[in-house]
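What follows is a group of structures, each given as structure tokens.
Next come two complexes built around chain A: one with chain B, the other with chain C.
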Partner chain A sequence: MRIVVAYTRRMLKILRSEVLVLPSRVAVLVFVIAILALPLVTQDYYILRIMILTSIFAILAASWDLLSGFTGQMNFGHALFFGVSAYVTALLNLNLGFPPYFSIPLGAMGAVLTGLIVGIPCLRLKGSYLALTTLAFPIILMGIVFAIPGITGGELGLSGLTKLTGSRVNDYYVTSILMLVLGGIMWKITDSNTGIILHAIREDEVAARAAGINTTRYKLLAFCLSGFFAGIAGGLYAHFMRLAGPSTLEIGLSFQVIIWSVFGGMVSIYGPIAGVYILNPFMEVLRVILDNFPSLPEMRMFIFAALVLLTLRFMPEGLIPWLRDKVETECPRCKVRNVAFRRSCRICNAAMT
Partner chain B sequence: MAQSFLEVKNLRKEFGGLTATNDVSFSMGRNEIIGLIGPNGAGKTTLLRLIAGILKPTSGSISFKGKNITGSKAWDIVNMGVASTFQNMRPFRRLPIVANVMVSCLSPRSMRGGEWVKKVEAKAMDALEFAGISDVALEKASTLSQGDLKRLEVARAVATDPELLILDEPFGGLSPAETDLMAKSVARLHRGGRFGRLHSEGPAMIIIEHKLQQLMKIVDRIIVLNFGTILADGAPDVVVNDPKVIEAYLGDGGTSCS
Partner chain C sequence: MIVDILIDGLIKGSVYALLAIGFSLVLGVARIVNIAHTALYMTSAYLIYVGTKMMGLPTIVSMVAAVFLTILLGLLIYNYFIRPIQEHEAAMLISTIAVAMMLQEVFLMIFGGHYLGVNPLVRGYLTVLGVRVTNQHLLALGLAIIVLISTRFFLMKTRTGLAIRATAQDREVANLMGMNVNGVAMITMAVSVGLASIAGAIVVPLVTVEPTMWMHPLVMMLAIVVLGGLGSLEGSFVGAYILGFSESLVVFMVPMGSFLKDSVALSIMILVLLIRPEGLFGVSFEEER
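Let's look at the complex of A and B:
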């Protein structure tokens, strides 16, 4: 009993001295609690469905950020990893009867292989050339999918996969907790020594080589890691929708990922996740509202585009970094973040200007 | 015959129609400091980039400690012990300065030591301390002045524990006081020893520099390049009084600057 009390005390202490001092940390805490508590508030089928898709896409957007934001390898065909994994998962599940907890990791492995296959020819490409090349890969794969309908189901795709879990609430918990865990892992990767090397490759590849870093290896690593996380998202999607169709390879999805990430704030894992959690439910809300006005059929995309454009005009770094800079300031001396209203730094006591 | 430390044979690099280095050959010993001088466009930077593996030579060979490193990958060459700095500094602008150096500390060569050395951040701080910019370690690299960027370049190169250090205009853009300080650091580095976690093997050096007065004080030997060929090679006071060199460097009617 005493040990429980002691640990609780320590937890509270950490909470007070480490978490509650910064608005961004409080926001993360509130976000995690809200995600976990949502089914207690509502078990509405439709809302949970939207939140499940949102969490799947959040994994996808964060994995794009790992490759394109941190490593600077502009990938305009991120749906490739998503689609490959969805198809691999579906094929394994339908033909070999693998259960979801087995087929999804294998699908992700398929996406890792794809990352290698795409990454090797892309190693020498930079900037817009890389973007155009990566854009082509999902289109090629879609052509292959349509060419062999006997295996891939053609335009209809593969349907009738095993359900992810038995119930909607369980589905929700599986995808949401996976999103939190994988997001945490991705954030940890970018925060590690490897993350510094990825940053360095984005900033100046030649200089990174001159510092003795095997940039080829790290670029391939970024492709594989990104493919793995995107692959998990693709597998979850296939099992949740019980369908792996050509829509998972669409260019629209690739661009959607970029829009989410740029809107939320690139080079910051949490930015793309927040971007998805804001934009995706927002689109659904818009759909519900606009259904009452049948005379305005295409307003939804218009409002969406206007919102994204305005965000980028006034917050070029993305929404979340912009908000963060508003509520937190960096200590000029020790570079630790502080709440904006503090007069002195919470660590080194230097005056905040 | 003993293996020479660095051996450059008939090195040639052509950019389209322009021959940047034209069959350059020289060799250097383990403890030498070579000054590489020459007028603008003489091919000095090209020569260094060829040695560092950033450019691939059209023909010719480079061997380092008896191993042929012609056409090796830049990172392999760094991990064999040849570090170089850039003339136009290329920091990772959006990273903090200490993270800039941590990239070098994460190279396999720098990590080959024991646990003590594997604390990359501490080692990076020691490299910054050595270069004299540890006080701004947490600033973004984009906020640094020219002189501090030069120091950052040196810190980044030194952090890979080089045996051959190639410095491209380390004094360029520095004030006289800063130049003296940098020259002292370079001399200290050449003597070798430990600077905190940073272990200096007393690297041999090739230094490109236009500030001859400071250069004279630290180098053992000077190579003069002109139009991609070696014009003179020898002790500093001999070379700078060579009439051919004076003509190439200062034009007709110039005087010795030693």
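Let's look at the complex of A and C:
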């Protein structure tokens, strides 16, 4: 009993002195609580469906950021990992009858393997070459999918997978908690030594190599890690939609991932997640609003594109970093973040200018 | 069959060459990966449709008007949405994607997803080696080649062309030599969009006009530019014909070919990159300073 009290006290202390002092940390806390508490507020079938898809895409966008934002390996074909995993999961589930908790990790392993296969030719390429080459892979795969409809189901895809779990609320909890956990893991990776090396590769690969880092190995590692997380998203998607179709490989999805991530703010795992959680529900709200005006032509995607264009025109760093810079400032002496209205740093007491 | 493949490949190659040269000019001079490039090509096609079918203008007039309007649109987009965020590469990239999506959605809203067509400029056909080739195909081929040659002349022989090439080679030094780099970028954008819209005008009688017609040329164009080497004009030219011919070969010869045409073209690109990472004619780019 005493241990519990002691731990609670320590938790509260951390909460007060570390979390509540910064608006961004409070925002993350509120976000996590809101995600976990949503089914208590509403169990609407449609809302939960949107939130499940949002959390799946949040994993995907964060995994893109791990590869393209942190390591600087601009990937235009992130749908490849998503699609490969969706198809592998579907094939395993349909042909061998694997349950979801078994087929999704195997699908993710398939995506890791793809990451290796794609990563090896891509190691020699840089910048725009890399971006444009990675764009090619999902399109090649899509051509193959269409050409052998016997195995892949062609244009219709593979349908009739086992349900993720029995009920909608359970589905929601599985995907949302996975999103939070995987997001946390990715954030931890970028914060670790490995993450710093990935950072260094993006900033100056030659310098990183000169410092004795095997950049090839780390770039491949980034491809595999990113493929793994994107693969889990793909497997979840296949089991949730009970369908793995060519739409999981489309250029549109690859572009969408980049749009979400850059809109939310690259090189920060929370940015892409926030980007998805803002844009995806917004699109659905927009659909509901526009349904009230049946005379209008279909203009959802137009509004979406215009919104993205205008946001980036005025906040080219992305939405979340822009907001964060508004409410927080960095101490000039010890580089610790503070609330914008503080006069002196909360750690070293230096005057904030 | 062989003549079919030859004509088809030549036309496709020429159109891709027009698109790819424009794209790699902008990439070289302004460092913009302009995803909206083929969306502007689509814009010109739609404007020609509006001119000929809705307003009843003669085809030639509407083509010229469409080219100028598209150039104007491209410059406006560049000036107000791309240039202010030039320092942020990713944001610039997304902005061009967003522009392309907006154009697609605008056409979807106005015209719906229907397949539209434009009357050919000339009618009738010639018989070449026992195969019927419409005059429109021959005209398209001739026009494309004329435009390609004049682009080459413009880039190689005029002072403006020299400025464009110099800026593409080294932006900073060009700036130090007293060139107005932003002005050059503006001109380059105009030339590039002009090439895209001319390509649109050339192919519009041969293809169906629909709101997603920019996707396939986009993929091919990106593959060509990478295959030929980024920023290399000869590379874009040669790459365009390689991929143009391979596409028509696959479509005509392989069963299920129309599904595999992208896959084959892109596999060729990846194979070339495995052997030569900087593309066929590419000089490995100096790191940006």
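As a working rule, the second predicted complex is superposed on the first by the 353 of 353 C-alpha atoms of A that agree within 3 Å, B and C clash if a C-alpha of one lies under 4 Å from a C-alpha of the other, contacts with A are read in each partner's own complex, and residues count from 1 in each chain.
Heads up, the rule we're going with is that a contact is a pair of C-beta atoms (placed from the backbone, for glycine too) under 8 Å apart; a residue touches a chain by one contact, two chains touch by 3 or more.
Note that this is a predicted model, so its numbers are computed, not measured.
Undergrad: Applying the document's definition of touch, where does A:L312 land relative to chain B and chain C: first, second, both, or neither?
TA: The answer is second: A:L312 touches chain C but not chain B.
Undergrad: Would you check which partner chain A:I258 touches, where first means chain B only, second means chain C only, and both and neither mean what they say?
TA: In the superposed model, A:I258 contacts chain C only, not chain B.
Undergrad: For A:L96 in the superposed arrangement: first (chain B), second (chain C), both or neither?
TA: neither
Undergrad: With both structures fitted on chain A, tell me whether chain B or chain C touches more of chain A's residues.
TA: Larger number of chain A residues touched: C.
Undergrad: Examine A:A207 and indicate which partner it touches, taking first as chain B and second as chain C; both and neither are also allowed.
TA: In the superposition, A:A207 contacts chain B only.
Undergrad: Just checking: does A:R124 make contact with chain B only, chain C only, both, or neither of them? Give me first, second, both or neither.
TA: In the superposition, A:R124 touches chain C alone.
Undergrad: Is A:M266 touching the first partner chain B, the second partner chain C, both, or neither of them?
TA: The answer is second: A:M266 touches chain C but not chain B.
Undergrad: Between chain B (first) and chain C (second), which does A:T215 come into contact with in this model arrangement: first, second, both, or neither?
TA: first
Undergrad: Touching chain B in one complex and chain C in the other: list those residues of chain A.
TA: On chain A, no residue contacts both chain B in one structure and chain C in the other.
Undergrad: Could you pull out which chain A residues touch chain B in their complex?
TA: Touch list, chain A to chain B: 193, 196-197, 199-200, 203-204, 206-216, 334-335.
Undergrad: In their shared complex, at which residues does chain A touch chain C?
TA: 121, 124-129, 131-133, 135-137, 139-144, 146-147, 251, 255, 258-259, 262-263, 266, 297-299, 301-302, 304-306, 308-309, 312-313, 316-318
Undergrad: Across the complex, what residues on chain C touch chain A?
TA: 27, 33, 35, 80-81, 84-85, 87-88, 90-95, 97-99, 101-102, 104-106, 108-110, 215, 219, 222-223, 225-226, 230, 256, 259-264, 266-267, 269-270, 273-274, 277-279, 285
Undergrad: Along chain B, where are the residues that touch chain A in the complex?
TA: 52, 54, 73-75, 78-79, 83-84, 86, 90-96, 99-100, 102-104, 106-110, 120, 138-139, 156-157, 159-160
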